[in-house]
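Chain lettering (A, B, C and D) follows the sequence in which the chains are written, and residue indices restart at 1 in each chain.
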Amino acid sequence: MGFHGVFPYLVSPIDSSGEIKADVLARLCEDLIQAGVHGLTPLGSTGEFAYLSWPQRRRIVQIVIDSARGRVPVIAGVAATTTADAVAQSREFERLGCSGILAILESYFPVSDEGVFAYFSAIAKAVSVPLVLYTNPNFQRSDLSLPIIDRLSHISNIGYIKDASSNTGRLLAIINQVGERMKVFSASAHIPACVMLIGGVGWMAGPACIAPRQSVELYELCRRGSWEAAMNLQRRLWALNQAFAKYNLAACIKGGLELQGYAVGAPLLPQAPLPPDGIEEVRRALVAIGAL
Amino acid sequence: MGFHGVFPYLVSPIDSSGEIKADVLARLCEDLIQAGVHGLTPLGSTGEFAYLSWPQRRRIVQIVIDSARGRVPVIAGVAATTTADAVAQSREFERLGCSGILAILESYFPVSDEGVFAYFSAIAKAVSVPLVLYTNPNFQRSDLSLPIIDRLSHISNIGYIKDASSNTGRLLAIINQVGERMKVFSASAHIPACVMLIGGVGWMAGPACIAPRQSVELYELCRRGSWEAAMNLQRRLWALNQAFAKYNLAACIKGGLELQGYAVGAPLLPQAPLPPDGIEEVRRALVAIGAL
Amino acid sequence: MGFHGVFPYLVSPIDSSGEIKADVLARLCEDLIQAGVHGLTPLGSTGEFAYLSWPQRRRIVQIVIDSARGRVPVIAGVAATTTADAVAQSREFERLGCSGILAILESYFPVSDEGVFAYFSAIAKAVSVPLVLYTNPNFQRSDLSLPIIDRLSHISNIGYIKDASSNTGRLLAIINQVGERMKVFSASAHIPACVMLIGGVGWMAGPACIAPRQSVELYELCRRGSWEAAMNLQRRLWALNQAFAKYNLAACIKGGLELQGYAVGAPLLPQAPLPPDGIEEVRRALVAIGAL
Amino acid sequence: MGFHGVFPYLVSPIDSSGEIKADVLARLCEDLIQAGVHGLTPLGSTGEFAYLSWPQRRRIVQIVIDSARGRVPVIAGVAATTTADAVAQSREFERLGCSGILAILESYFPVSDEGVFAYFSAIAKAVSVPLVLYTNPNFQRSDLSLPIIDRLSHISNIGYIKDASSNTGRLLAIINQVGERMKVFSASAHIPACVMLIGGVGWMAGPACIAPRQSVELYELCRRGSWEAAMNLQRRLWALNQAFAKYNLAACIKGGLELQGYAVGAPLLPQAPLPPDGIEEVRRALVAIGAL
């Protein structure tokens, strides 16, 4: 039935010398799988992909695949400014055994629609695993227009999209346009229950990293059509997303995981760690939903 | 139980000499009431408030109140750059017999949070009817921050908010913050069914002007908790909102009403009328939902 | 030789009942003329045009024309969202005896290039006095593209443009494009000496209201090609423009004039008056250039 | 007397296998030095730093330093999202023999003022060569505020700033603030003659790569205070900057160099090469100034 459900965006725990803290990351993966998540996503925004070297990225994906041991799919984030780099990353991640690629286009100068199409279709052609298109107009200089999304949806292994725009109506427009050819995942900028209502298949988001059981429960309620119960839970979970929107995403999730006993550290400098106010806000949000 | 349900944003039909076409507007109001709408809203964005003189605005509100004859509430749009002007408009609309005020802050220079609070609280103090706060960060230079919305929610006759930001998560944050003190209406930039799911009480929007029966049906399905049936209808109605987002709002709704036989004319110059492509898109969208 | 030199943007002094303080405005006009300014501009941004009713605007233009008594040209600001309103305002100002029109396009919805052209050309056709096109992308939702500026420059009584974008390179592109057909005035967002260097003919700006003698001196130095002396003066004058960019424009100039003994009052609510810090900053800037 | 004059932003010629075309780059450097430029800047925006791997960047800096043979200073671009990466790049470029560092802050999440200060001061501390701060609010998510620029100007080897904002008034504000502590270079978004007039010391820009003799001539005229002659030349040179602002910067300069006989190739995919219209526009601009 394809990818679906709750895919936490994993943080990238790194020590002061730049080494990936393999044991911390592996324990986090194991605990998330035990909590029932449906997949794992290393190297999303929350995973600080934009702040990591290629050897660091490669190591993280390797650790996550090894930890998952095939129990849940691993969708690895590929982000590049050039097509050639994106293709090389994707091939290596497929070789390492990932189940899918979360494809991100970075850019410095604006990219034309044709350039956007060329980038994503080149990645799709280079690998055999499914692609999840990622678009985040807030942090990226390019955007995926509806016509380009439609064109890309006709490529056989481009089967998913994750839109981080906060404009939920855009997701419904995409669903109306691409029909069964492409499935939609929510981001933390959308209300997951709303995206499930309009036809989404799940969500990929940082907050699921610190509230995995509650996220899975919310997903199950939505799947069963228990919308009132889902909204009761969703309302309480939303405070976490609000904190997430207010602070640096990586800082927020790393701060929450530290509270839960994972020594994931702070985001890489010059990013600021979660400030005391933010720690307090995340702590309260976690306690309120029983995640601390 | 307060304002709730479907409030079409009325267009402002004006002839070439600047006269309001009273008969066209009155017939539209009558037909909308017959179609079951729960209220009428003259002088929203779709009503081209920003393009009308004060005598024209006053005349429109008078016609709508006369047409409604108390059968449904009339919530009149008040928009001004100065507090004094907003207070004067509001008092006059209350004297004319409106049921509520849709309060809009126009600005040229940026307004501080204190200025925003002072503006809306002065209107609330000047009238006894309920206020609906309106915010549209796309077309206005001011925005209502969450702390200011919270402060305003403690004023007794500020009971509603309509946010036209397209960020549905923001509505859930507002609901979580203000609880029972303030009720939320959707705008056409949100998916109405999603806003109903998260706790909204209805919507105020231009498309309801050209699809009133379908809008009322959608509202009833949401109220009954028939979410699957609601989404079936919502999906088909969304094409209308997409056209609405693509073209000038007033041009789009006026174009649709012309297709339905209302001689509402074109938007005021230098606004462009709906282009042939847009007319065709609106026509197809109306036919598809049985509204033409 | 056409309009040239220093045109202060006049503030609009209004008492608490909404009456224009005619004596204060007349004295300011007289003093500015005595200081050597080359013209007067009521109802620019600094003049809070967006916050005034039509009777207030009409009265202000009348007072300024009466005060000038033909000694310097008066270029009156016309701002509207509809073509019809702009044409009516312009005709009335011409009837009152203004020497030129500063034409401003207000909008709520985005305006197409054709709409922009139609608006300005309709004003030009309606009057016989020269037009100054005004564009301010920071505070307005429309902008004048280079091709539209070029088309408008071929209309005989559209002879000037004032661009408030802060992008001085855009002014050189305009000058290269329109040649002798249109002359360029600087705004306070540009460095006047730079605009004079690249071929401008003067400036229309709020700060000239509180530093008229220094502004005229700067203009004379630029005209004579004494660029080093000009820059010595310009450097000191720039602190005033920086304060101007930091605070609400009307608040800043009204605050400075109050310090100089003109009872112009505060900007209209909900605009905030200049805060104590701003008053101190403006005072220091005025003292430093000998304007207080 | 420190860095001054014309520093062309070098393009990065790369073959289809990702190899730097050393001979093409070396010939370009030699010809620019023969044309009289005052320095060379590899890895600016025009140099596509955001699209190159670390080995490619390192190789380019090496080639440029080798080509310059000490005849003119080489200021190498350092761009990173993390402080650690920026420090490592800077140290290596100093080891290779560069004369200065052009320091660029890349970011994915917004950076606080403290983070911005920490990033640049860490680079300054890590090397002994002078730093040129670079800021480009159009293509970067961070910006250097005036207070942070002031703080950084007190660090001894931070001696220059290049602001690519198009807001020339901001440069004068910086000059007024930092006095002799920091010198200002123009970018191609500013009019170089204007920046020289207000006190700048030169410019670092892509167009100087294809019009080096004309750029040096303009610089000499400005230095001599021959402002009228300078403006005559500046006006004609500006057409090149306009093309530069209209198309992808790297595509534009690479396209111009190809016309001049340098086999620099196209920008890296998915960037588009200069389209036929753009080639024609650049050709006309080069012919008009005698650069083709």
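Methods note: contacts are C-beta pairs under 8 Å (C-beta built on N, C-alpha and C of every residue); 3 or more make two chains touch, one makes a residue touch a chain.
Keep in mind it's a predicted model, so treat the numbers as computed, not measured.
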- Query: So which chains count as neighbours of both chain A and chain D?
  - Reply: none
- Message: If I average the CA coordinates per chain, which chain comes out farthest from chain B?
- Response: D
- Could you put a whole-Å number on the gap between the CA centroids of chain C and chain D? 36
- Task: Please compute the C-alpha centroid of chain A, do the same for chain C, then give the distance between them in whole Å.
- Result: 51
- Note on the structure: Listed in rising order, chain D residues that touch 2 or more other chains are none
- Name, in rising order, each residue of chain C that touches chain B in their complex. 18, 45, 48-51, 53, 81-85, 105-112, 114-116, 118-119, 139, 141, 248-250, 268-272
- chain D partner contacts - residues on chain C that touch it in the complex: 166-170, 172-173, 175-176, 189-191, 193-194, 197-199, 225, 227-228, 231, 234-235, 238-239, 241-242, 245
